[in-house]
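What follows is a set of structures to go through.
Paired with chain B in one complex and with chain C in the other, chain A is shared by the two complexes that follow.
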Partner chain A sequence: MAKSNKPIVWGPFAAGGTVTAFVTPALIVLTLLVALGATPELLQYDALLAFMRHGLVEVVAAGVVFVSLWSAAHRLRITCYDLGVRADTLVATVVYAVALAGTAAAIVYLSRL
Partner chain B sequence: MAEEMNGKPYVRPITSEWIFRHPRYLRYMTREFSCLFIGGYTLLLIAGLKSLSEGRAAYDAFLEALKSPASIVFQVVALAFAAYHSVTWFALTPKALPLQLGEEFVSDGAISGAHYVVWAVLSLGIWVLAGAF
Partner chain C sequence: MGERQVELEVLRYNPETDREPHFQRYSVACREEWVVLDALNHVKETLDPTLSYRWSCHMAVCGSCGMMVNGEPKLACKTFLRNYHGVIRVEPLRHFPIERDLVTVIDDFVAKLTRVKPYLIPKEPKSVEAGEYRQTPAQLKRYKQFTLCINCMLCYAACPEYGLIPDYLGPAALSLAHRYNQDSRDGGRGERQEELASKEGVWECSFVGACSEVCPEHVDPAAAIQQVKIRSTLDWYQEHLMPWLKK
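And then the complex of A and B:
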């Protein structure tokens, strides 16, 4: 039977689809509140810094960032194919690289808090 | 059978106009395009994390930048796409993960409904935790 890397690509996609379905709208509402001048208490500098310094919060944040970016990247890859872009290897390399780079950046910023 | 072969393989034309042939295809692409907004918003959060790691002045500048008209427009559109992703994802879940209890399969509506309940509880939990109320 041919080896396939599909589960490795698809697993984080499914996880990310689920995580973003559950939490992304609620997070957008929070930053929209900031935009409207009603900054939630936890998003004030001191409160957020203290909150984000918890080890468990850091792990969850890094995980949410990874699966969110990965699922968006995977969907974008499929969408490019649907729209007639047949350079799938190139597209896949670029979108997954961006997802991994974004995750790495997030981990670096978290470690500096 | 092969007498008409002229050596040129058939190349299927590749287009993207199929999207507009049926409303169902347009809804499909709308769902798929949600990835740009969810991915983009995640990058925005990473920018926020960067500013948080750089100190109070940088973070306050990030919060201020969230208030720009362009940022508000992006967030409102992103919220619409993100919610559309949630609705379509919960509609798909019963197809992807059918649940059998004894002889019977749990109905699609029950599985989707349970997801809506979890979505509401989690969203409320996040807002309460953040002190949004």
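And then the complex of A and C:
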């Protein structure tokens, strides 16, 4: 029996799930802090902007955005199948395309910082 | 040690006379501490000797008496009547063809189990004189929980993917294959991988997790499948992106 090529889509999905499990709670805490007006010195806009402009940070940020979006897309694809939408190729094409478009947009924005 | 009157609704099917399965009601005087299997045995002994079901050990070891109790996959010998109120509905395990009454046809599972080679394939032959294979407690711990599987097939009845895709290898076969892959004495992962890494192997699993919830032996097949997915993914990257690292 031939080995499946599923790892191509599953690898970024698994990586994305792991990354978002760490990144999402941190983002929620930071957002709440900002909303409450308790922004630490280190996280002021100017400091963060300078941090994000670093080439290596931009690459990592683009990677995080890619695996997060890909993970969500893959989850949605499986959910569609479980909910009875059996047009898997169509669903997969649409959700992965959205994830790739989002990643491309993030790269554009990051490069314009 | 009180008594209670239990209403059982049991699925009956005789392939020689019935066109369709149907339910039959039995009112059974049961003891408070009985399990569903005791009630079925009581029915067979006193009310209806034609009732067919599988059982053997009555102590959650043999894995024969898996059936649906009020829609959930359960071992009849481990399911206490006192935890149920009203009519108790007993049906054969879901996702398997019915042979007769509560007896299912399990050929599909047995064939899949055989395909994944659930036995030790030694790394290299070793003579008896050379002594035993030694293993540290840490090495044992890596696979021990997966040895507890009793092949009761409750996980197959619980798995929605197996219901949708009958070719899927399924939780027990995959976690038993993983049990041998994880064994430090074993060298058969490459052979098993042909089945495990195929589309019908781990990749039909969408990580619903029902297998681990219903397992009467507290094996975690969902975790085994996830671990195989990770290993298979690393294999794939190695085979396709780093072909010079051939094993």
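Keep this in mind: the second predicted complex is superposed on the first by the 104 of 113 C-alpha atoms of A that agree within 3 Å, B and C clash if a C-alpha of one lies under 4 Å from a C-alpha of the other, contacts with A are read in each partner's own complex, and residues count from 1 in each chain.
Here, a contact is a pair of C-beta atoms (placed from the backbone, for glycine too) under 8 Å apart; a residue touches a chain by one contact, two chains touch by 3 or more.
Please read these numbers as outputs of a predicted model, since none were measured by experiment.
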| item | value |
| --- | --- |
| Chain B versus chain C, judged by how many residues of chain A each one touches | B |
| First, second, both or neither for A:100, with chain B first and chain C second | neither |
| Touching partner for A:37 - first (chain B), second (chain C), both, neither | first |
| Which superposed partner A:78 touches (first chain B, second chain C, both, neither) | both |
| Which of chain B and chain C A:52 touches, first, second, both or neither | first |
| Contacts of A:7 with chain B and chain C, given as first, second, both or neither | second |
| Shared chain A contacts, counted only where both chain B and chain C touch the same residue | 14, 78, 82 |
| Residue ranges of chain B in contact with chain A within the complex | 14-16, 29, 32-36, 38-39, 41-46, 48-50, 52-53, 56, 59-60, 63, 66-67, 71-72, 75-76, 78-79, 82-83, 85-86, 89-90, 93, 96, 115, 118-119, 122-123, 126-127, 129-132 |
| Chain A partner contacts - residues on chain C that touch it in the complex | 160, 193-195, 197-201, 203, 206, 208, 229-230, 232-233, 235-237 |
| Chain C contact footprint on chain A (complex, rising order) | 1-8, 10-11, 14, 78, 81-82 |
| Sites on chain A touched by chain B in the complex | 14, 17-18, 20-37, 39-43, 45, 48-49, 52, 61, 65, 68-69, 71-73, 75-76, 78-79, 82-84, 86, 99, 102, 105-106, 109-110, 112-113 |
